[in-house]
Amino acid sequence: MKRKIYNLIDKGAHGSKYNLLFDYFIVVLIILNVIAVALETISGLTPQARNLLRLFEIISVTVFTIEYLLRIYISDITHPAKNRITSGLKFMFSPYGLIDLLAILPFYLPFVIKVDLRFLRIIRLVRFFRVFKIGRYNTTLKLIGDVMKEKRNAIGLTFLIACLMLLVSAFVMYSVENPVQPDKFPNVFASLWWAVATLTTVGYGDIYPITALGKIVSSIVAFLGIGLIALPTGIISSGFVEKIGHSKDPVSSNLCPHCGKEIK
Amino acid sequence: MKRKIYNLIDKGAHGSKYNLLFDYFIVVLIILNVIAVALETISGLTPQARNLLRLFEIISVTVFTIEYLLRIYISDITHPAKNRITSGLKFMFSPYGLIDLLAILPFYLPFVIKVDLRFLRIIRLVRFFRVFKIGRYNTTLKLIGDVMKEKRNAIGLTFLIACLMLLVSAFVMYSVENPVQPDKFPNVFASLWWAVATLTTVGYGDIYPITALGKIVSSIVAFLGIGLIALPTGIISSGFVEKIGHSKDPVSSNLCPHCGKEIK
Amino acid sequence: MKRKIYNLIDKGAHGSKYNLLFDYFIVVLIILNVIAVALETISGLTPQARNLLRLFEIISVTVFTIEYLLRIYISDITHPAKNRITSGLKFMFSPYGLIDLLAILPFYLPFVIKVDLRFLRIIRLVRFFRVFKIGRYNTTLKLIGDVMKEKRNAIGLTFLIACLMLLVSAFVMYSVENPVQPDKFPNVFASLWWAVATLTTVGYGDIYPITALGKIVSSIVAFLGIGLIALPTGIISSGFVEKIGHSKDPVSSNLCPHCGKEIK
Amino acid sequence: MKRKIYNLIDKGAHGSKYNLLFDYFIVVLIILNVIAVALETISGLTPQARNLLRLFEIISVTVFTIEYLLRIYISDITHPAKNRITSGLKFMFSPYGLIDLLAILPFYLPFVIKVDLRFLRIIRLVRFFRVFKIGRYNTTLKLIGDVMKEKRNAIGLTFLIACLMLLVSAFVMYSVENPVQPDKFPNVFASLWWAVATLTTVGYGDIYPITALGKIVSSIVAFLGIGLIALPTGIISSGFVEKIGHSKDPVSSNLCPHCGKEIK
């Protein structure tokens, strides 16, 4: 019986047709749930629409709660441990277990403790984490994740360089533009906001330099922004090219053509 | 006779000089037609200009209609089937057949059924699909298409990651900015519009955060946007590099053309 | 004597120290000239500053005229032909010869024919072409040019795809936004301007959709814009990677290890 | 004793646990210092907060001064020279020595010479250079630096091409838009600011063309901007791919570890 439930809800790569159907059902329910949460934020909704959304929330929370309880039930298969309770806790404190809990918690919380309504609205957004459940169902995501993991040092370094650029340009721009535009550049933090908009080439247009020197600094930062795009792209490109090379190298190439032994 | 028409209008790769000339004539007519449709939308046109555009439309629709009828006529060569009617229908329901029909249909429709004028204006834009006929004449487009097809899973996944980023950032930004700017961030969908403008680094400037927390979230999204550009670029780059490797290493190139032995 | 002048002003790769100095002098003069032309457009200049700029113009035009005449003088070395006049004309109608002429012509033209002053201001910008002379002095530019030339078909195709995207999105956006914003989207050409700003992710913010459907279309176009950046980058990346491969392949790899003959 | 201090503060790659702790302490102090400098620019600070920031400044300057003096003390180990004073000066005029001095100088300067307060505010930003000290502690930065150094010619050339594009488009746009928008495009330098915003796809939206011709020019520049992003990205990508090839193909890997023969 427990084995059957496991086969249905958490089979992984060797899943049956029913397991696949269950996975698709959960994914579709998660997506619909996210849309429902987004719809709730629209102010001009009729009471009927609100009731419909509330009904859908109750149904989906019920489904997610049953799923969560079943996952605790089969946790001795998915998270083997010395005894039943340890494996249950092991699942509950695993990243996916916590996401599953956070997805249903905001529904039950108001029944247990008295919470401010405004705070409730914000905590409701945690329900959104249901979306991350999709990650469990998608194995091809691993590929991109592998390249990102391999290149995480280089990408992190690029981000650090970007942060240094941001800080330097924010300080320079503050000292240049503050005397002329004290309302737009009141402090270094406002200047940082300009630096981010320029370096990432977003350019909202709410804040920009008006002095000649400020425009020169801004131009330099915008060009460095091009470099900021080029650097991680180059790193990730080389990561993917490397992956091609690995998959292209046939197993036999690891054997010496002279002595036939494997070359480590 | 039918063979001659086929040679003229649909010879493909082994086309004669006349076939090439016909192809160029159709392409130029399509481009001129698109420009004419665009010109029609200008409000301050003189009646003379309107008449000229109408005349050009009649001429081009006539040419496209004749071309369409000829293609049906030669469909037993291009779309071989058991009998004449089946091959004709096969062409008519092929993607290019439907595009050809859609390109001329808006002209004839008002004669058959009574249609609302405003609806007419919108349906006229379907004429634009004539442009896609160019695709038929361009064989080098296949190259880029191949890389895109090979990498469609990775590109699709990147798009999915981008959609997740969009949703998460839209929800977060809504909860942060809604209390301060209820007119700019009235609901999650307005927040999504901001998220798209920031993540793709377009940054129109019609909607942007004003709170410190909102600016921090926006900065994170803008930096993730850099990653969003880097990821598909890296994937497509590796796809093109892979193509070079394939075309450079044909199986036969491992054999010496002089002695015929394999070169390791 | 003529050989000496040739050695000084047009020695190319095997230039002496004096030739290098002459080249640097001309490049610096060109840059200063461009700056001077830009300075002339500032409205609040004092008469002294104007006179100084005029003096600098006379000096630099004199230098460029002497250089032009010397190049005609040595044209029988640089552009060998049957007789003296043919080689002179050969230089004068070569791309660099025409640029050299255009750089000095706007100065002499007002003395010969009576020209409208406003037209003069525009023709003066042609002087800017002096900058392109730098191209003659820079040989490393060839490297990037080679990759661009090899990939020109793929880059051209990407541009064609971008143009198709632009047109389709402009037509769609016009039909969606025109009824709501007739002042911002009066015709398809105004819509094209929006499409360019969105697809290239510039996003000035002077024109953007306000309807829900328009925002969805805009979001799709913005994401296609990411693809538009990724595609040529991938193509150019593979071009540079290919170049590395070529330069890495040692000459000996073209020799068959069995028979020793060259493999074409 | 001197050896012990050297081991603690400047051991480099073979550093002990204490050396690592000292490095982390300095890095954290630098980051906190930068944040403190940024906080000082906020106008609405309470006197208590100002005093706290002043106290923190005194403490951190004391630490940085002691570090600087210790580095001079051990300079005969880090910068070996004929005599004690030469090695001390060698350190003081090394790039890191100058940065260390600039980081503490703005604190001591007002005690020595009388300086204008406004000038002081700007010179204080030099303290920010403390951040660059992080560079000393980070060895992985070398990797990215190597690719950038190898490709510096190609990147420089791309930047030169970009500058040419900027100038040409600025001149063209000035002559096109100046007669219609004399307030937005008063001279070529204002036009240059527009050119930078468009070519780097930042697009603040403070300055944009309104004429049909100006919009066409702007569209061309925006598309060239895509190329401007593609070119350096391609160059850097190929640089990283090259690095992979180098590290993968060590000379010794061509010899079988079992039989010692070369593997072709």
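Going in written order, the chains are labelled A, B, C and D, and every chain counts its residues from 1.
Just so we're on the same page, contacts are C-beta pairs under 8 Å (C-beta built on N, C-alpha and C of every residue); 3 or more make two chains touch, one makes a residue touch a chain.
Predicted, not measured: the structure shown is a model, and the values here were computed from it.
J.: The A-B interface: which of B-D, A-C or A-D repeats it, judged by over half of the contact pairs being the same residue numbers?
T.: Most of the A-B contacts reappear at A-D.
J.: In terms of C-beta pairs in contact, which of C-D and B-D ranks higher?
T.: When the contacts at C-D and B-D are counted, C-D has more.
J.: Determine the centre-to-centre distance between chain B and chain D, using the mean Cα coordinates as centres, and give it in whole Å.
T.: The mean C-alpha positions of chain B and chain D differ by 42 Å.
J.: Once you find the CA centre of chain B and the CA centre of chain C, what distance in Å lies between them?
T.: Their C-alpha centroids are separated by 30 Å.
J.: Please tell me the distance, in whole Å, between the geometric centres of chain C and chain D computed from their C-alpha atoms.
T.: Chain centroid spacing, chain C to chain D, equals 30 Å.
J.: Could you list which residues of chain D touch at least two other chains?
T.: 189, 197, 201-205, 229, 233-235, 237, 241, 264
J.: Does the chain-touch network form a line, ring, star, complete graph or other?
T.: complete
J.: For the complex, which residues does chain B have touching chain C?
T.: On the chain B side, the touching residues are 34, 37-38, 41-43, 121-122, 125, 128, 131-132, 134, 138, 140-141, 143-144, 147, 159, 162, 189, 193, 196-197, 200-206, 228-229, 232-233, 235-237, 239-241, 243-244, 248, 256-259, 261, 263-264.
J.: Please name which positions on chain D make contact with chain B in the complex.
T.: 201, 203-205, 233-234, 237, 241, 264
J.: Mind listing the chain A positions that touch chain D in their complex?
T.: Listed in rising order, the residues of chain A that touch chain D are 153-154, 157-158, 160-161, 164, 167-168, 170-172, 174-175, 178, 186-189, 192, 197-198, 201-205, 208, 212, 215, 218-219, 222-223, 225-227, 229-231, 233-235, 237-238, 241-242, 245, 256-259, 261, 263-264.
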